[in-house]
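What follows is a structure written as C-alpha coordinates; I'll ask about it next.
Labels run A, B, C, D, E and F following the written order; every chain starts at residue 1.
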Amino acid sequence: MTEWLPTLITKTPGEGSDLAVKLSRVAVKLTQPDAETRDRLRPVYAENADSLIAASQVVATHFATVAAANDYWRAAR
Amino acid sequence: MTEWLPTLITKTPGEGSDLAVKLSRVAVKLTQPDAETRDRLRPVYAENADSLIAASQVVATHFATVAAANDYWRAAR
Amino acid sequence: MTEWLPTLITKTPGEGSDLAVKLSRVAVKLTQPDAETRDRLRPVYAENADSLIAASQVVATHFATVAAANDYWRAAR
Amino acid sequence: MTEWLPTLITKTPGEGSDLAVKLSRVAVKLTQPDAETRDRLRPVYAENADSLIAASQVVATHFATVAAANDYWRAAR
Amino acid sequence: MTEWLPTLITKTPGEGSDLAVKLSRVAVKLTQPDAETRDRLRPVYAENADSLIAASQVVATHFATVAAANDYWRAAR
Amino acid sequence: MTEWLPTLITKTPGEGSDLAVKLSRVAVKLTQPDAETRDRLRPVYAENADSLIAASQVVATHFATVAAANDYWRAAR
(Lines give C-alpha, C1' and ligand atoms only; values in the text may rest on other atoms or scores of the structure.)
Protein backbone atom coordinates (compact mmCIF):
# COMPACT_ATOMS: atom_id res chain seq x y z
CA MET A 1 0.00 0.00 0.00
CA THR A 2 3.08 2.24 0.16
CA GLU A 3 4.03 2.60 -3.50
CA TRP A 4 0.93 4.48 -4.61
CA LEU A 5 2.05 7.85 -3.28
CA PRO A 6 5.67 8.67 -4.04
CA THR A 7 5.34 12.44 -3.51
CA LEU A 8 2.98 15.20 -2.35
CA ILE A 9 4.45 17.66 -4.85
CA THR A 10 2.18 18.78 -7.69
CA LYS A 11 2.55 21.40 -10.41
CA THR A 12 -0.53 23.50 -9.65
CA PRO A 13 -3.12 24.01 -6.89
CA GLY A 14 -5.62 22.29 -9.17
CA GLU A 15 -3.51 19.13 -9.31
CA GLY A 16 -3.09 19.46 -5.54
CA SER A 17 -6.85 19.39 -5.21
CA ASP A 18 -6.99 16.18 -7.26
CA LEU A 19 -4.35 14.65 -4.98
CA ALA A 20 -6.38 15.67 -1.90
CA VAL A 21 -9.36 13.77 -3.30
CA LYS A 22 -7.13 10.75 -3.94
CA LEU A 23 -5.80 10.87 -0.36
CA SER A 24 -9.39 10.99 0.95
CA ARG A 25 -10.36 7.92 -1.05
CA VAL A 26 -7.30 6.02 0.19
CA ALA A 27 -8.23 6.73 3.82
CA VAL A 28 -11.67 5.25 3.19
CA LYS A 29 -10.07 2.27 1.44
CA LEU A 30 -7.76 1.60 4.39
CA THR A 31 -10.74 1.62 6.78
CA GLN A 32 -13.00 -0.46 4.54
CA PRO A 33 -10.74 -2.64 2.35
CA ASP A 34 -13.63 -4.49 0.71
CA ALA A 35 -14.23 -2.90 -2.70
CA GLU A 36 -17.73 -4.32 -3.00
CA THR A 37 -18.83 -2.74 0.29
CA ARG A 38 -17.33 0.59 -0.76
CA ASP A 39 -19.16 0.42 -4.10
CA ARG A 40 -22.39 -0.22 -2.23
CA LEU A 41 -21.81 2.73 0.13
CA ARG A 42 -20.72 5.29 -2.47
CA PRO A 43 -24.19 6.18 -3.81
CA VAL A 44 -25.40 6.45 -0.20
CA TYR A 45 -23.18 9.40 0.59
CA ALA A 46 -22.85 10.85 -2.90
CA GLU A 47 -26.58 11.54 -2.95
CA ASN A 48 -26.86 12.78 0.62
CA ALA A 49 -26.18 16.47 1.18
CA ASP A 50 -24.69 16.12 4.68
CA SER A 51 -22.47 13.19 3.68
CA LEU A 52 -21.18 15.16 0.69
CA ILE A 53 -20.29 18.07 2.97
CA ALA A 54 -18.54 15.72 5.42
CA ALA A 55 -16.60 14.13 2.55
CA SER A 56 -15.54 17.56 1.29
CA GLN A 57 -14.32 18.39 4.83
CA VAL A 58 -11.92 15.45 4.57
CA VAL A 59 -10.77 16.71 1.17
CA ALA A 60 -10.25 20.21 2.64
CA THR A 61 -8.06 18.77 5.40
CA HIS A 62 -5.92 16.87 2.90
CA PHE A 63 -5.74 19.91 0.61
CA ALA A 64 -4.28 21.92 3.50
CA THR A 65 -1.53 19.30 3.87
CA VAL A 66 -0.81 19.13 0.14
CA ALA A 67 -0.77 22.94 -0.12
CA ALA A 68 1.76 23.20 2.72
CA ALA A 69 3.89 20.49 1.10
CA ASN A 70 4.01 22.57 -2.07
CA ASP A 71 4.75 25.79 -0.18
CA TYR A 72 1.35 26.90 -1.52
CA TRP A 73 2.68 26.86 -5.10
CA ARG A 74 4.12 30.33 -4.52
CA ALA A 75 7.13 29.64 -6.73
CA ALA A 76 4.77 28.79 -9.60
CA ARG A 77 3.25 32.24 -9.61
CA MET B 1 -9.87 19.45 -13.80
CA THR B 2 -6.42 20.93 -13.10
CA GLU B 3 -6.52 24.20 -15.05
CA TRP B 4 -9.23 25.85 -13.00
CA LEU B 5 -6.95 26.87 -10.13
CA PRO B 6 -3.66 28.38 -11.27
CA THR B 7 -2.84 30.10 -7.94
CA LEU B 8 -3.94 30.50 -4.31
CA ILE B 9 -2.74 34.12 -4.26
CA THR B 10 -5.42 36.81 -3.91
CA LYS B 11 -5.25 40.55 -3.42
CA THR B 12 -7.31 40.81 -0.23
CA PRO B 13 -8.69 38.59 2.55
CA GLY B 14 -12.12 39.16 1.03
CA GLU B 15 -11.04 37.66 -2.29
CA GLY B 16 -9.40 34.87 -0.30
CA SER B 17 -12.77 34.15 1.25
CA ASP B 18 -14.34 33.93 -2.21
CA LEU B 19 -11.61 31.48 -3.24
CA ALA B 20 -12.25 29.36 -0.12
CA VAL B 21 -15.90 29.04 -1.16
CA LYS B 22 -14.81 28.08 -4.67
CA LEU B 23 -12.47 25.40 -3.28
CA SER B 24 -15.30 24.01 -1.16
CA ARG B 25 -17.59 23.73 -4.18
CA VAL B 26 -14.90 21.97 -6.18
CA ALA B 27 -14.44 19.36 -3.46
CA VAL B 28 -18.17 18.61 -3.60
CA LYS B 29 -18.00 18.47 -7.40
CA LEU B 30 -15.14 15.96 -7.32
CA THR B 31 -17.12 13.72 -4.94
CA GLN B 32 -20.41 14.05 -6.82
CA PRO B 33 -19.58 14.81 -10.47
CA ASP B 34 -23.20 14.73 -11.61
CA ALA B 35 -24.42 18.34 -11.87
CA GLU B 36 -28.07 17.36 -11.78
CA THR B 37 -27.66 15.52 -8.48
CA ARG B 38 -25.76 18.47 -7.00
CA ASP B 39 -28.52 20.85 -8.12
CA ARG B 40 -31.04 18.62 -6.41
CA LEU B 41 -29.05 18.49 -3.17
CA ARG B 42 -28.20 22.19 -2.93
CA PRO B 43 -31.57 23.41 -1.57
CA VAL B 44 -31.50 20.53 0.92
CA TYR B 45 -28.45 21.84 2.75
CA ALA B 46 -28.87 25.54 1.97
CA GLU B 47 -32.13 25.56 3.92
CA ASN B 48 -30.97 23.37 6.79
CA ALA B 49 -29.23 25.13 9.67
CA ASP B 50 -26.87 22.28 10.59
CA SER B 51 -25.90 21.63 6.96
CA LEU B 52 -25.13 25.31 6.48
CA ILE B 53 -22.86 25.27 9.54
CA ALA B 54 -21.11 22.14 8.29
CA ALA B 55 -20.63 23.74 4.87
CA SER B 56 -19.17 26.87 6.47
CA GLN B 57 -16.75 24.63 8.43
CA VAL B 58 -15.36 23.39 5.10
CA VAL B 59 -15.05 27.00 3.93
CA ALA B 60 -13.23 27.90 7.17
CA THR B 61 -10.74 25.08 6.60
CA HIS B 62 -10.03 26.24 3.04
CA PHE B 63 -9.81 29.87 4.17
CA ALA B 64 -7.06 28.87 6.63
CA THR B 65 -5.10 27.36 3.72
CA VAL B 66 -5.64 30.34 1.43
CA ALA B 67 -4.71 32.77 4.23
CA ALA B 68 -1.45 30.92 4.90
CA ALA B 69 -0.69 30.88 1.17
CA ASN B 70 -1.04 34.67 1.12
CA ASP B 71 1.04 35.11 4.29
CA TYR B 72 -2.19 36.45 5.78
CA TRP B 73 -2.09 39.45 3.42
CA ARG B 74 0.29 41.15 5.86
CA ALA B 75 2.19 42.90 3.04
CA ALA B 76 -1.10 44.43 1.84
CA ARG B 77 -1.61 46.26 5.12
CA MET C 1 -18.12 40.81 -1.92
CA THR C 2 -14.38 41.52 -1.68
CA GLU C 3 -14.28 44.95 -0.04
CA TRP C 4 -15.72 43.89 3.30
CA LEU C 5 -12.49 42.41 4.64
CA PRO C 6 -9.45 44.61 3.97
CA THR C 7 -7.22 43.01 6.65
CA LEU C 8 -7.00 40.19 9.20
CA ILE C 9 -4.96 42.38 11.58
CA THR C 10 -6.63 43.37 14.85
CA LYS C 11 -5.36 45.15 17.94
CA THR C 12 -6.18 42.50 20.53
CA PRO C 13 -7.14 38.82 20.75
CA GLY C 14 -10.61 39.99 21.75
CA GLU C 15 -11.03 41.91 18.50
CA GLY C 16 -9.63 38.88 16.71
CA SER C 17 -12.41 36.83 18.23
CA ASP C 18 -14.98 39.30 16.92
CA LEU C 19 -13.43 39.03 13.46
CA ALA C 20 -13.58 35.22 13.63
CA VAL C 21 -17.32 35.46 14.28
CA LYS C 22 -17.68 37.84 11.33
CA LEU C 23 -15.78 35.43 9.06
CA SER C 24 -18.07 32.60 10.16
CA ARG C 25 -21.17 34.60 9.28
CA VAL C 26 -19.77 35.53 5.88
CA ALA C 27 -19.17 31.86 5.06
CA VAL C 28 -22.81 31.13 5.85
CA LYS C 29 -23.88 34.13 3.75
CA LEU C 30 -21.87 32.92 0.75
CA THR C 31 -23.53 29.49 0.96
CA GLN C 32 -27.05 30.82 1.56
CA PRO C 33 -27.22 34.32 0.00
CA ASP C 34 -30.91 34.79 0.77
CA ALA C 35 -31.18 36.96 3.90
CA GLU C 36 -34.75 35.91 4.60
CA THR C 37 -33.83 32.22 4.67
CA ARG C 38 -30.88 32.95 6.96
CA ASP C 39 -33.13 34.91 9.32
CA ARG C 40 -35.49 31.97 9.40
CA LEU C 41 -32.70 29.49 10.16
CA ARG C 42 -30.89 31.54 12.83
CA PRO C 43 -33.23 30.77 15.75
CA VAL C 44 -33.15 27.10 14.74
CA TYR C 45 -29.47 26.72 15.49
CA ALA C 46 -29.13 29.45 18.13
CA GLU C 47 -31.50 27.52 20.38
CA ASN C 48 -30.12 24.07 19.68
CA ALA C 49 -27.17 22.97 21.83
CA ASP C 50 -25.45 20.84 19.18
CA SER C 51 -25.86 23.48 16.46
CA LEU C 52 -24.36 26.09 18.79
CA ILE C 53 -21.35 23.86 19.43
CA ALA C 54 -20.93 23.26 15.68
CA ALA C 55 -21.14 27.00 15.01
CA SER C 56 -18.52 27.69 17.68
CA GLN C 57 -16.26 25.08 16.01
CA VAL C 58 -16.35 27.19 12.85
CA VAL C 59 -15.50 30.27 14.93
CA ALA C 60 -12.59 28.38 16.55
CA THR C 61 -11.21 27.48 13.12
CA HIS C 62 -11.37 31.10 11.96
CA PHE C 63 -9.89 32.32 15.24
CA ALA C 64 -6.86 30.07 14.65
CA THR C 65 -6.37 31.76 11.26
CA VAL C 66 -6.79 35.28 12.63
CA ALA C 67 -4.46 34.54 15.57
CA ALA C 68 -1.75 33.29 13.21
CA ALA C 69 -2.22 36.37 11.01
CA ASN C 70 -1.58 38.55 14.04
CA ASP C 71 1.42 36.49 15.18
CA TYR C 72 -0.74 35.69 18.21
CA TRP C 73 -0.62 39.35 19.31
CA ARG C 74 2.75 38.64 20.94
CA ALA C 75 4.03 42.14 20.14
CA ALA C 76 1.04 43.63 21.99
CA ARG C 77 2.06 41.99 25.24
CA MET D 1 -16.59 42.64 23.83
CA THR D 2 -12.91 43.30 23.04
CA GLU D 3 -11.44 43.99 26.49
CA TRP D 4 -12.00 40.54 27.93
CA LEU D 5 -8.99 38.96 26.21
CA PRO D 6 -5.87 41.11 26.38
CA THR D 7 -3.40 38.26 25.65
CA LEU D 8 -3.13 34.59 24.68
CA ILE D 9 0.03 34.17 26.78
CA THR D 10 -0.23 31.90 29.83
CA LYS D 11 2.34 30.60 32.28
CA THR D 12 1.73 26.88 31.85
CA PRO D 13 -0.03 24.47 29.49
CA GLY D 14 -2.60 23.96 32.23
CA GLU D 15 -3.50 27.63 32.26
CA GLY D 16 -3.55 27.48 28.46
CA SER D 17 -6.14 24.74 28.71
CA ASP D 18 -8.27 26.95 30.96
CA LEU D 19 -7.99 29.76 28.40
CA ALA D 20 -9.05 27.39 25.61
CA VAL D 21 -12.21 26.58 27.55
CA LYS D 22 -12.84 30.31 28.05
CA LEU D 23 -12.42 30.95 24.32
CA SER D 24 -14.90 28.16 23.56
CA ARG D 25 -17.50 29.68 25.86
CA VAL D 26 -17.04 33.11 24.31
CA ALA D 27 -17.69 31.70 20.84
CA VAL D 28 -20.96 30.24 22.06
CA LYS D 29 -21.81 33.55 23.75
CA LEU D 30 -21.22 35.49 20.54
CA THR D 31 -23.53 33.14 18.63
CA GLN D 32 -26.23 33.04 21.30
CA PRO D 33 -25.98 36.32 23.29
CA ASP D 34 -29.03 35.55 25.45
CA ALA D 35 -27.76 34.26 28.81
CA GLU D 36 -31.07 32.69 29.72
CA THR D 37 -31.14 30.61 26.53
CA ARG D 38 -27.54 29.51 27.14
CA ASP D 39 -28.38 28.49 30.70
CA ARG D 40 -31.27 26.45 29.37
CA LEU D 41 -29.09 24.71 26.77
CA ARG D 42 -26.10 23.95 29.02
CA PRO D 43 -27.54 20.88 30.80
CA VAL D 44 -28.69 19.58 27.40
CA TYR D 45 -25.17 19.17 26.09
CA ALA D 46 -23.36 18.66 29.40
CA GLU D 47 -25.33 15.46 29.94
CA ASN D 48 -25.15 14.18 26.39
CA ALA D 49 -22.07 12.14 25.49
CA ASP D 50 -21.86 13.24 21.84
CA SER D 51 -22.39 16.91 22.68
CA LEU D 52 -19.64 16.73 25.29
CA ILE D 53 -17.25 15.25 22.73
CA ALA D 54 -18.18 17.96 20.21
CA ALA D 55 -17.64 20.65 22.86
CA SER D 56 -14.23 19.19 23.71
CA GLN D 57 -13.35 19.29 19.99
CA VAL D 58 -13.87 23.05 20.06
CA VAL D 59 -11.66 23.25 23.17
CA ALA D 60 -8.98 21.18 21.41
CA THR D 61 -9.01 23.57 18.44
CA HIS D 62 -8.59 26.59 20.72
CA PHE D 63 -5.91 24.81 22.75
CA ALA D 64 -3.89 24.33 19.54
CA THR D 65 -4.05 28.10 18.95
CA VAL D 66 -3.13 28.99 22.52
CA ALA D 67 -0.28 26.46 22.53
CA ALA D 68 1.17 27.94 19.32
CA ALA D 69 0.83 31.45 20.79
CA ASN D 70 2.92 30.34 23.76
CA ASP D 71 5.49 28.57 21.57
CA TYR D 72 4.25 25.41 23.31
CA TRP D 73 5.64 26.66 26.64
CA ARG D 74 9.05 25.31 25.63
CA ALA D 75 10.88 28.14 27.44
CA ALA D 76 9.10 27.16 30.67
CA ARG D 77 10.60 23.71 30.64
CA MET E 1 -6.80 23.09 37.61
CA THR E 2 -3.52 24.56 36.33
CA GLU E 3 -0.89 22.39 38.02
CA TRP E 4 -1.82 19.14 36.29
CA LEU E 5 0.01 19.94 33.04
CA PRO E 6 3.47 21.40 33.59
CA THR E 7 4.78 20.61 30.08
CA LEU E 8 3.79 19.28 26.63
CA ILE E 9 7.22 17.70 26.15
CA THR E 10 7.37 13.91 26.05
CA LYS E 11 10.15 11.45 25.29
CA THR E 12 8.50 9.57 22.43
CA PRO E 13 5.55 9.89 20.03
CA GLY E 14 3.90 7.08 22.02
CA GLU E 15 4.03 9.10 25.22
CA GLY E 16 2.77 12.07 23.21
CA SER E 17 -0.23 9.99 22.22
CA ASP E 18 -0.92 9.22 25.89
CA LEU E 19 -0.73 12.93 26.66
CA ALA E 20 -3.18 13.70 23.82
CA VAL E 21 -5.68 11.31 25.40
CA LYS E 22 -5.15 12.99 28.78
CA LEU E 23 -5.76 16.43 27.23
CA SER E 24 -8.98 15.15 25.65
CA ARG E 25 -10.26 13.87 28.99
CA VAL E 26 -9.44 17.17 30.69
CA ALA E 27 -11.47 19.08 28.11
CA VAL E 28 -14.46 16.87 28.84
CA LYS E 29 -13.88 17.34 32.58
CA LEU E 30 -13.84 21.12 32.24
CA THR E 31 -17.15 21.03 30.34
CA GLN E 32 -18.81 18.53 32.65
CA PRO E 33 -17.15 18.86 36.09
CA ASP E 34 -19.45 16.33 37.77
CA ALA E 35 -17.58 13.01 37.97
CA GLU E 36 -20.73 11.01 38.49
CA THR E 37 -22.30 12.34 35.30
CA ARG E 38 -19.11 11.63 33.37
CA ASP E 39 -19.03 8.07 34.72
CA ARG E 40 -22.61 7.63 33.57
CA LEU E 41 -21.86 8.96 30.08
CA ARG E 42 -18.61 7.05 29.46
CA PRO E 43 -20.17 3.67 28.55
CA VAL E 44 -22.60 5.52 26.26
CA TYR E 45 -19.90 6.73 23.93
CA ALA E 46 -17.34 3.98 24.51
CA GLU E 47 -19.78 1.45 23.06
CA ASN E 48 -21.04 3.59 20.20
CA ALA E 49 -19.03 3.49 16.99
CA ASP E 50 -19.69 7.09 15.93
CA SER E 51 -18.97 8.48 19.40
CA LEU E 52 -15.69 6.57 19.50
CA ILE E 53 -14.67 8.05 16.16
CA ALA E 54 -15.62 11.56 17.34
CA ALA E 55 -13.61 11.04 20.53
CA SER E 56 -10.59 9.89 18.52
CA GLN E 57 -10.92 13.04 16.37
CA VAL E 58 -10.41 15.10 19.53
CA VAL E 59 -7.38 12.97 20.40
CA ALA E 60 -5.99 13.48 16.88
CA THR E 61 -6.34 17.27 17.25
CA HIS E 62 -4.48 17.22 20.56
CA PHE E 63 -1.83 14.85 19.18
CA ALA E 64 -1.11 17.39 16.42
CA THR E 65 -0.49 20.04 19.09
CA VAL E 66 1.70 17.78 21.23
CA ALA E 67 3.66 16.63 18.17
CA ALA E 68 4.37 20.23 17.14
CA ALA E 69 5.41 21.05 20.73
CA ASN E 70 7.97 18.24 20.56
CA ASP E 71 9.19 19.26 17.10
CA TYR E 72 7.81 15.88 16.02
CA TRP E 73 10.41 14.08 18.13
CA ARG E 74 12.89 14.51 15.26
CA ALA E 75 15.83 14.90 17.65
CA ALA E 76 14.97 11.52 19.20
CA ARG E 77 15.49 9.71 15.92
CA MET F 1 1.53 1.81 25.67
CA THR F 2 4.53 4.02 24.88
CA GLU F 3 6.88 1.65 23.05
CA TRP F 4 4.66 1.09 20.02
CA LEU F 5 5.53 4.38 18.31
CA PRO F 6 9.24 5.18 18.37
CA THR F 7 9.15 7.70 15.49
CA LEU F 8 6.85 9.59 13.12
CA ILE F 9 9.44 9.45 10.34
CA THR F 10 8.56 7.35 7.30
CA LYS F 11 10.25 6.86 3.93
CA THR F 12 7.38 7.86 1.68
CA PRO F 13 4.00 9.66 1.85
CA GLY F 14 2.39 6.25 1.31
CA GLU F 15 4.02 4.86 4.45
CA GLY F 16 2.99 8.05 6.22
CA SER F 17 -0.58 7.32 5.27
CA ASP F 18 -0.27 3.83 6.77
CA LEU F 19 1.08 5.38 9.97
CA ALA F 20 -1.84 7.84 10.07
CA VAL F 21 -4.25 4.90 9.98
CA LYS F 22 -2.29 3.22 12.78
CA LEU F 23 -2.46 6.39 14.90
CA SER F 24 -6.22 6.55 14.35
CA ARG F 25 -6.68 2.99 15.53
CA VAL F 26 -4.57 3.62 18.63
CA ALA F 27 -6.74 6.59 19.59
CA VAL F 28 -9.81 4.37 19.40
CA LYS F 29 -8.01 1.69 21.42
CA LEU F 30 -7.11 4.17 24.16
CA THR F 31 -10.75 5.28 24.41
CA GLN F 32 -12.19 1.76 24.28
CA PRO F 33 -9.51 -0.63 25.62
CA ASP F 34 -11.73 -3.71 25.40
CA ALA F 35 -10.80 -5.56 22.21
CA GLU F 36 -14.05 -7.52 22.12
CA THR F 37 -16.15 -4.34 22.16
CA ARG F 38 -14.00 -2.83 19.40
CA ASP F 39 -14.41 -5.99 17.30
CA ARG F 40 -18.16 -5.72 17.76
CA LEU F 41 -18.21 -2.05 16.75
CA ARG F 42 -15.93 -2.29 13.71
CA PRO F 43 -18.49 -3.70 11.23
CA VAL F 44 -20.96 -1.05 12.46
CA TYR F 45 -18.90 1.85 11.18
CA ALA F 46 -17.08 0.07 8.36
CA GLU F 47 -20.41 -0.51 6.63
CA ASN F 48 -21.91 2.90 7.32
CA ALA F 49 -21.08 5.65 4.85
CA ASP F 50 -21.09 8.52 7.34
CA SER F 51 -19.01 6.62 9.90
CA LEU F 52 -16.46 5.78 7.20
CA ILE F 53 -16.19 9.46 6.28
CA ALA F 54 -15.80 10.43 9.95
CA ALA F 55 -13.09 7.79 10.38
CA SER F 56 -11.25 9.07 7.32
CA GLN F 57 -11.41 12.59 8.79
CA VAL F 58 -9.43 11.31 11.79
CA VAL F 59 -6.93 9.70 9.41
CA ALA F 60 -6.63 13.00 7.49
CA THR F 61 -5.86 14.86 10.73
CA HIS F 62 -3.13 12.37 11.66
CA PHE F 63 -1.75 12.40 8.11
CA ALA F 64 -1.30 16.19 8.41
CA THR F 65 0.77 15.64 11.56
CA VAL F 66 2.86 12.84 10.05
CA ALA F 67 3.42 14.87 6.86
CA ALA F 68 4.67 17.86 8.85
CA ALA F 69 6.94 15.57 10.89
CA ASN F 70 8.51 14.35 7.65
CA ASP F 71 8.82 17.88 6.23
CA TYR F 72 6.35 16.63 3.60
CA TRP F 73 8.94 14.17 2.26
CA ARG F 74 10.41 17.00 0.19
CA ALA F 75 13.96 15.65 0.57
CA ALA F 76 12.80 12.33 -0.91
CA ARG F 77 11.77 13.97 -4.15
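Some observations on this one:
Note that in this section a contact is a pair of C-beta atoms (placed from the backbone, for glycine too) under 8 Å apart; a residue touches a chain by one contact, two chains touch by 3 or more.
The UniProt protein names, listed by chain, are A, B, C, D, E, F = Hexameric tyrosine-coordinated heme protein (HTHP).
As the structure is a computational prediction, the values presented were derived from the model and not from experiment.
Touch-path distance (fewest steps) from chain A to chain D is 3. Think of chain D turning onto chain F: fitted on CA atoms, that turn is 120 degrees, to the nearest 5. Annotation: 26 Å between the Cα-based centres of chain B and chain F. If you average the CA atoms of chain A and of chain F, the two centres end up 15 Å from each other. Shared interface positions of chain A, defined as residues touching 2 or more other chains, are 48, 50, 54-55, 57, 61, 64, 68. Interchain contacts close the chains into one ring where each touches exactly two others, per the touch definition above. Residues of chain D that touch chain C in their complex: 1-9, 23-24, 26-28, 30-32, 37, 41-42, 44-45, 48, 50-51, 54-55, 57-58, 61-62, 64-65, 68-69. On the side of chain A, the complex with chain B involves touching residues 11-15, 17-18, 20-21, 46-50, 52-57, 59-61, 63-64, 67-68, 72-74, 76-77.
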